[in-house]
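Okay, so chain A shows up in both of these, paired with chain B first and chain C after.
== the complex of A and B ==
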């Protein structure tokens, strides 16, 4: 028996009820449905309030624009307090923006900068001290300095000690400058600002490349800072023909993208085309060079990389001196080189630091590895399934014995091994560094031993797939090796359907695709066997000694084909 | 500027390679039997004679094409022969490619099913290759030209290397008598090698891309190199077949070249069943010819109907080619079509082209007279 006291409507109390009853029976407004409804109404009100607040903010911003051009948020006035209010409205809720007001003689001045992006000691030394010290009553030059405060140009020339000062009248430009890490100086009475270069932020030091290690040769690699990356190129070439054109990409991020080229070498029209394609990119943000890559290539659906990526400044410089164009993206250490052909993807930095004959042999083996990486599993499936007669009798018998122990057809076996291999590769890439060793061990153990012992896969296929994997790892370009991995599966399907005939058709289809691919007008594979470009073989199929590499590759159409006085022979990789 | 690559020209060496790869095609495996049956021990002389004959036909075509440097035969044929005559010439020209293409598809389907997939219908083999050829033919000429050069260096070197292995079984006495008695058969054989050399007609379409690069004299010399290589390759095939199988043996086999290579054994090596390796190298060679000819057919249609894109025509021709190749359903029909194509080709090269040159000469003379 339950005795429950429930406050009823009008404060009445019901006693000695025999069972639990709903509160809403006596207080309808306490029902769950009504409560939910009320809650939704409250949420609507909150949302509407937020939208209303935003709209009011926008109206205020529009009112503040007053006579500003359509592409400017506002116009600077000669009243500092008004300018400060406008800037504060723009940087509303940006608590990392510092507004530093100070006296510059008999006027108020304002320094605006982004905390963490600006070198404050530089500002103290070259701006604050200069302005506050030179215009203090105890300073003998105060009168002259005060006179100078009527003109921002004079201030920048006579008072400010900063290395780079730019006088700007446009609000948009100044806001962008602040967001880039520069400081903005405003002085009461002047309707213009000074953008003071004092960028200093946390960044990674120049280190060795992560993915393009060279046994011999320079170990410097690009980092995430565009200016450092350009400096790494500039430091290696004191050449005024080496040009840098900086563009902004990303409607919101306004990321800096530098286009580098050697003016008297690059193929006419190539730089303009690169700039045009970059200029056409419509995107809110640009966080890495891969995004640019996908926008500027001719065939974005192809698995094969149509731009060359590099972490090495020496490689980029060598490519620039072949008449190619470099693209450096702020915030990413992997930069882009165009045009890109099969030949340049097959070149590695070490090719130029070892003996030419050895380098030539390695290049040959690299090309053979590329072939094996795509076609070996398909050839295995085709021969085992359709053409065992092509094998020597003893080998055919031993393969038949091995295959008799496994329950699956060779195609399924191969697909299973491919999937297993891909999973292990993905796991090794994604795992923390300390666990990759363990994952590799497990992978090797599973692939190499357990699946064979379990009778799932025959050992010869393990050898084939392992050879394929190692072949794809030997590619100098990671993206190219990924493409090789991707093309293995359709080849396996063709081999399982039409045997060696299918493999040959697959080879032809891939050859057609590679010959039809173009990177900024240059054929991807076609240049390799073009009779008019056979002279390029000296640094593509083979690598001749440096003193014989007197000419630049013809396929990139450099204006000046002769490498005058160029004795290092380093090419596009 | 979507494409920086200059594709509006080709070098004379590239033209020579294109003529070479377009001509070789499937006939190195398909044609030797009929040639040996006709010319017997003099087949090698027929090959050389054919080379000279068709080289001279090519030279005539180059001279004719040089008269209309920026045009192909599709454009200048109506001016020479009138509207109806010109249309007939264009149809004749395209029919040559079409008939060759369907015969090659048929022959290739037979060989592949016979030696690689005995339980697979030839249609499956034909459709698969037709799809790849169509994919190639819908590309631009720059791409096709590169593919042809790629195959010239890769596929032909493998093909010749594998074929040369059959020298191991060569019995020089089988070649005797080297000098034949039946001159008429040899001459007839020379004309019948048209099937082997056919494809050189493409110069009538490609000349506008190359004429600015070189003088006519140099072009004729370079083309002589191409025909020299063709003759050498066919000579190698014919001599080895007779040397291994004898004339009587080769006459009774449908594809003697494959029997020759099948009989080769390389003891102590990994390689067995060499005919499979030869076929693997031969498929790209056949593909090269077919893709080029399909492209030429598309180009002829495109130019004749004054359109800007050849691709719809190639796609339109695909089912027609497939049906055409399946209509050649037995060896008799195939041989009849082959003979018809040969006469069509011979009359095109040795009647129509000289006639065109005469007309050009006459029109020029007439124009000169009119000017006073």
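== the complex of A and C ==
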């Protein structure tokens, strides 16, 4: 068809073009979209078949002898040597795995564990000694007893001295248990294994929080070990309603993720939603909680953090008792709290240790700082470039005199200053600790002094940008202060193009965005302006004395609103 | 596809910003601050220190071709000179440019030929009008440009000077403030200096009075050598300049209208003539009331004043300021002085000038006796000089500041 069209009307270029444009009309399969789609499908098939090939190779290697269900690599047999061969096939090239064969009574037994992840002295004491002890002649009775026991359950109940023993028949579960640091016990003649908990691996001690320091408060912070982290929470609340649900995320790493909540407080449906969103995560590996964060938030493109992150167990516990849900991720000392709103980001641990009236003033100035951090440079540029009539005369004169020495328009000046500031901040974060002092000193000299003396930037702008930076540093949440830092750049551009009109447009856009932003169903900023939630101001705009904070924040819809009173802690326990 | 459309729309919006944005962006330092405006007759207010020949040349250079009119006025602008020599090296100072013509707007635009940056009036502080101009034409003609232009602000101060207005712009205050700011700030404490008619005399009120055809008071400013002084007032009947009244009449007028917030009343001590004493007014309760009795109209003003004894030069002569009788005598003396002051003001304004200042009497009559007002409002200008004013003053001294 195409050839015919070209050949038939090849004389005129314009006609030719028309023909080519219409080609997909005559031949639907020639359309670009369809071709792309098909190409994608083809790529999918290729990757899938590559995966298939890999899997098939593995299966062939392992299951040459034994038939197994489709989701299991193999089935345990009652012959120990066969089992060992199968396990060795699974763990081939994993040279940190230890296979320990020994005699238990008159039977052969096998202990399999990862060298660095297992407490060997524990295994020696509680497994090897109790099982091998049976061979000594003095214990003839127990030898007989052991020989008489024909299932793993009985052995674990009567002979093994370990605190936690799980009888497992499924190979998959067992392999996972070994990878988590448990030891696997196999005994000849039994087609099942015992997973013995003896996990012991290198980890960091509990230390003080690095980034969320509080003047007066508990100084324990989460570390990388999920069990320690849960223990830190548990230790602070002897409450059976505090529930822990552990999930596995990451197709390859199978990282533990714990969902913590207080059963009789949390808003109905919230926990299910959190579990659902975590369950939907498709990722090969999970190295930090931020990945979870990006998968479960509603608006990943917003600069504003929609989950609260904390290093502090006390902060997490306080949040749990307000009806929120905590997510602890194995391997990360920074844990997640949802839902997250502007109000909770403005709360710092120190607010609760200070006098309420002092804390209220600080809360107020913190809110003002959030405003300044976004809008101050924009307002400065708008006023200086478009509306200097708004300034008091003497101030206008002094600004004009300062500005007269600098050659650039105020917008360029502000952008230059912002870039300089960002560079210094970035350098200080990236540099080794010993060099940060030098970097900040150079930064301070460049910004504070030389740039002004060189006539590149006027001193007032330095004051404005420094105020903005200090304002954004005063945010309790680092992610929120980063969001403020991000937001002020588009604001600056709007202000430089449209003046105060642009600033107001920006204020509207940001306010609307923040009010329509939802974190697990709760409005990000809207709660602050909602008349129904006005009572939440007691612990958001100001901070009342603890005695008067009788109710939980309504914002999070806790089932039991009363914090202090009879109904607390009664229901459901 | 929808995504592409949205992206395209956003790109379009951004392009609009790039093309149409910034259209009125003019950086602060690219504007020439006009801090003061002086209006003189064309043949006055030349640049000081020129010999006549040069003056003619300068005049020719400054001006422009004007096909209509006679080039009656000289407009001088006081511009800010930026101190660019680093902090503290140069003080803020100003310079003056001027032009001759008839339309103020045209003169301002023509003056761009003398200025490297745009002339910017949003921080204009003061308009000084020479009385020579006001004798030629009405105030309304002069201020029309200033009330119409969008860069003017209501709080601009308007002064009238008997000399050349330009010389006031040339004046550099020793305090090194910008000249226009200094001149405008002179009137700021008018409520504590009862020789200045300061309340409701800025451009906004003046224009308002012009619109409502009221009579107007404007502060009078004078420069002699290096002395600038604000005092007394220029009196306008509608927009026509009538003449000046002195500070004493202004004080009396303020007592009469109750517009003073604080005042010093000084008089001779009743017991020791030749020794002055002063009363510092803190609070007053003044009531100017019209009365209609048949065909007769008369006004009463009841003044109750409360304040402190601020100065008593005869204090060492063993008079006991704690003695109520003595204080009572002082109060009577002060009341008498205030009464004389009010009567003086009444005589100056009603008899000599025949101007119902800021149309306060007319306003009172209209408010209290609307029927009478309806009948006489057309003849009010003839009736006003005949309307008697009955003054009663009561002074209470609350604190004497005595220490023994």
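Rule of thumb we're sticking to: the second predicted complex is superposed on the first by the 491 of 573 C-alpha atoms of A that agree within 3 Å, B and C clash if a C-alpha of one lies under 4 Å from a C-alpha of the other, contacts with A are read in each partner's own complex, and residues count from 1 in each chain.
Definition applied: a contact is a pair of C-beta atoms (placed from the backbone, for glycine too) under 8 Å apart; a residue touches a chain by one contact, two chains touch by 3 or more.
This structure is a prediction, so every number in the text was calculated from the model and none was measured.
Student: I want to verify the contact counts: of chain B and chain C, which reaches more residues of chain A?
Tutor: Answer, by number of touched residues of chain A: B.
Student: Quick check for you: in the superposed arrangement, does A:202 touch first (chain B), second (chain C), both or neither?
Tutor: Touch status of A:202: no partner.
Student: Check the residue A:522 against both partner chains and state whether it touches chain B (first), chain C (second), both, or neither.
Tutor: first
Student: Quick one: classify A:409 as touching chain B (first), chain C (second), both or neither.
Tutor: The answer is second: A:409 touches chain C but not chain B.
Student: With both complexes overlaid on chain A, does A:269 touch chain B (first), chain C (second), both or neither?
Tutor: Only chain B is touched by A:269; chain C is not.
Student: In the overlay, answer first, second, both or neither for which of chain B and chain C A:504 touches.
Tutor: In the superposition, A:504 contacts chain B only.
Student: So, A:512: does it touch chain B (first), chain C (second), both, or neither?
Tutor: It touches chain B, and chain C stays clear.
Student: State whether A:433 touches chain B only (first), chain C only (second), both chains, or neither.
Tutor: neither
Student: Just to be sure I read the superposition right, which of the two partners does A:215 touch: chain B = first, chain C = second, or both, or neither?
Tutor: A:215 sits against neither chain B nor chain C.
Student: Just checking: does A:399 make contact with chain B only, chain C only, both, or neither of them? Give me first, second, both or neither.
Tutor: A:399 sits against chain C, while chain B stays out of touch.
Student: Once the two structures are fitted together, what part of chain A is touched by chain B and by chain C alike?
Tutor: On chain A, the overlap between the chain B and chain C contacts is residues 386, 389, 393, 498-499, 502.
Student: Can you list the residues on chain C that touch chain A in the complex?
Tutor: These residues of chain C touch chain A: 17-18, 21-22, 24-29, 31, 33, 35, 80, 82-84, 92, 120, 122-123, 125, 151, 153, 178, 181.
Student: Please give the residue numbers of chain B that touch chain A in the complex, ascending.
Tutor: 1-5, 11, 13-14, 17, 112, 116-117, 124-125, 128-129, 132, 135-136, 139-140, 142-143, 145-147, 149-154, 270, 272-273, 276-277, 280, 283-284, 287
Student: Spell out the residues on chain A that touch chain B in their complex, using ranges where they run on.
Tutor: These residues of chain A touch chain B: 267, 269-270, 272-273, 276, 298, 386-387, 389-393, 395, 498-502, 504-505, 507-509, 511-512, 515-516, 518, 520-523, 525-532, 557.
Student: Contact residues on chain A for chain C in the complex?
Tutor: 384-386, 388-389, 393-394, 396-397, 399-401, 403-405, 409-410, 494, 496-499, 502
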